[in-house]
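Next come two complexes, and both contain chain A; in the first it sits with chain B, in the second with chain C.
This part shows the complex of A and B:
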């Protein structure tokens, strides 16, 4: 082995390490700080404590916000993923004009900055209130609808990727064996798209759960999501309570990914 | 099992006509091969019979019933796909049982039939495996068992062996053919491999450009092709351009005078193609009275040898069993002079042009 080669290899390893550090540093910092025993963060810590977790637990806005965010994310996922899956299926199998345009439109929410989408939705809901002559802004339905928008691009993208790798002949085989179209979808198509759908669920859930920008403009007073509660708290305090809440969020999403990985190997989806 | 009748079948995608006036009958228990190069319409024909595509016009009858408008899932055909198309999320047993389940056959009956179908292809011991855990050859057998388990009126095979390696392909060809004959399965197989068509079918249908070129028993098509296309597609063939000259003689464009079959149809002035199978040519030491030729190339293929000779400016390919050491033709080399002759009826005159 020449020195040139091993030097190249060393450089490569260093770059990989650097990438990991850049990606992981903020996450690790949040977790570490949540155990620091001081109100204003400084290094090295004066001591370690679990007080911030206790504080987070004691504050109603965080516990209520957590529960509300979980409900919202679950509802948005439950509605958004079937819609997104149906859209991906139609776009992939259908032959109709404007297919590309619709496909682009469905991925649109990814390209529009969330704060702009939130503003647009807010204005839209106000208009709707005038026309429908009933409350729209701040209702659970309007908030869920907004979060469904977040889930659709991810689901469409992930399920489409699954469909591309799927042998259409398998569906024909099912029909040949006597399965009517409806049965083919349930017994063959959907099970074969499982990895894409499960990944779609996970991403949809996370997208909704961590969303701040849309919710910020659309939540009703007294009924706020966890990210909004965190932002509110930040206006008055900057102690590590937020880091503690953040650590819990990271833990929750981590557990979710581990559970998902048991059923569908995530490394194979991406 | 039932007979199949295809009448005046046509199919176009937009303005492209992919099938034109296809007429074909398959008797009960008969195995028919659709043979042709890719894009000739053989797969489309099969897919229309299966119900995956709709014909633009024409009629399909299965067992005396018009099924032209019947959706695929009500046709009771069993199909084996080129990619096997097994359900990846179901075990081997569930794959084979799927068609029975769709036919609302009770669990215990179903299990017995699944076992029977798997035993038929010698895979009973793999019932609990998933498709991904099987080799290509095993997957192919599962696909066959799955198609047969439903007791179809018609078995459809879409290039079923093209993903297998050469040695396995030969074995499976014989197995499928034996099974088909034992069970009396009415079968339509699509293939681009002429050898497969020759060994497996009772009747061959050669297609080109969306049309049927010739239909006949394998022997008939091999011995008596009626076009240059069929002669060259089925087996190897020397195709020599020229004109008929007198009764039973042929003058190639390079000037060689060759004996050929008598043909009423061939006008003396019309340009024709002489079709001569390479294995029908006999080579012998130079002698009086036979056309003399010069060897221009020898290829040793084990049991067979290919010898290229130049016969007064016309190149002819000759195949023969590799000569034993004592044979005067052993050790034939480039530049040697030989005599080449053949029975005149083995040299057929065909219309010029494909």
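This part shows the complex of A and C:
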């Protein structure tokens, strides 16, 4: 805290390091063991190999799970982000009663634990099956609907944050200069909200992709998401094949974060 | 403008509010082995959940783990939060991303990492044995669950604390130091009380997340160590007792709510006392 080298300063930095070791250790471990040569994880490794990535690719549960999760996350983002963006904009600009209540409600999915929301939705879907007389649980549509629930609060939060302190009079100026409403929306409003929308897309996609608890009860056998497939596998063992899948997921999320960071400073999101 | 807000609101009402009401209604029904569920308006499931020593123990375990994780993550986050908040170099945004990154990687992957660290042949045991120690049993212990859950929630605490510390002007610190306070005294007597809303927000968030942890206790606690969120799931999947599972879900929700209020009251009072 004081400048210069001292024992206190050293202790302080050791505490900082300790926190980051605790946070990063599991992530780094997954990456490291995905290159281990032997099937049963033991330290130190006998050698290093890339075989496990091929092995992971050959396992249907992981490739199917990965593709399914990617589709699910993409669809949920595609539906949830426009809904959330429209809501955030309406709440910011609109003057109607119950605005505070609604904005609280839209953040609600963050407040209800996902495992409880998942069980509630499960019962809800089963009831819907009786009423509609057709399968609901396990269908893509029902899972996308559930995951849209994850994307709305993040989008509302991030787009609202990006509108703070923004001068929306530019819209009026454009309209006064003769731009029709459609042009104002596409050429003025949306570009102004871009950073919020990009951050909203990234968070929505990642939240949906890595979600376990909400999907747990809602997936059907044979059509499971990647986190559910990984959990099922992990209940028996941890091996380099699973670590390889984990490493791919870590890589995907890292790349998404770096791309997003080019558009919006992620450091300002929190 | 209301038309813009309407679709998202409708989604949340249909997919969250109505199902939650349905879950509550289910919790008042009764279970029968023949028909699975009998319509009723009864508080029996709640009495069972709160009266059964087995579930009492699960509830107490859950609360204990959550409180422990909250205290540990607060203690661990003070130094890095301060470091991050006062950082001025161009590395700051990189450090921010690195802090955020593990949060987004997902609980399952991180739990897998801890399994490889804590296992009998895991990294920690391999290191310990090379020093001549005996094999440590870490997997399937409360220790493993607490450490891994703390690691899961720690980034939230660091980021929340860092953002409030950043808002406290540097001059305040310098004034305290110039008036003769030691850095530690300055931190606990001057900086922390000013950052109180952040400490509170961080603690509440971390407490809620730990109370509701699922993947970490299932994978690292093993079958012998049960927390409430896995117990809710268990009722639906294995036991098939929906009314009881629904009641357990609301026990978990209300315990979280009541304790969140208690934690906020306690923290607000103890942080106020610090300034005197």
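Going forward, the second predicted complex is superposed on the first by the 233 of 270 C-alpha atoms of A that agree within 3 Å, B and C clash if a C-alpha of one lies under 4 Å from a C-alpha of the other, contacts with A are read in each partner's own complex, and residues count from 1 in each chain.
In the analysis below, contacts are C-beta pairs under 8 Å (C-beta built on N, C-alpha and C of every residue); 3 or more make two chains touch, one makes a residue touch a chain.
The shown structure was predicted, so the numbers you read here are calculated from the model rather than taken from an experiment.
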Simultaneous placement of chain C and chain B on chain A, clash or fit: fit
Touching partner for A:25 - first (chain B), second (chain C), both, neither: second
Which of chain B and chain C A:200 touches, first, second, both or neither: neither
C-alpha centroid angle, chain C to chain B via chain A, nearest 10°: 100
First (chain B), second (chain C), both or neither touched by A:156: second
Chain C versus chain B, contacts on chain A by residue: C
First (chain B), second (chain C), both or neither touched by A:172: first
First, second, both or neither for A:191, with chain B first and chain C second: first
Chain B versus chain C - smallest C-alpha distance in the overlay, whole Å: 16
Common interface positions of chain A, toward chain B and toward chain C: none
Of chain B, residues touching chain A in the complex: 50-52, 71-79, 81-83, 85-89, 98-99, 102-103, 146-147, 150, 156
In the complex, chain A residues that touch chain B: 167, 169-170, 172-181, 183, 187-188, 191-192, 194
Contact set on chain A toward chain C in their complex: 1-2, 8, 12-13, 15-16, 18-20, 22-30, 33, 40-44, 83-84, 86-87, 89-91, 93-96, 102, 105-106, 108-109, 111-117, 119-124, 127, 145-146, 148-149, 152, 156, 206, 209-213, 216-217, 227, 230-231, 234-235, 238, 242-243, 246, 249-250, 253-254, 257-258, 261, 265-267, 269-270
Chain A contact footprint on chain C (complex, rising order): 1-5, 7-9, 11-13, 15-20, 22-23, 26, 76-80, 82-83, 92-93, 96-102, 104-117, 119, 121-123, 125-127, 147-148, 150-151, 154-155, 158-160, 163, 177, 183, 186-187, 208, 211-212, 214-215, 218-219, 229, 232-233, 236-237, 242, 245-246, 249, 252-253, 256
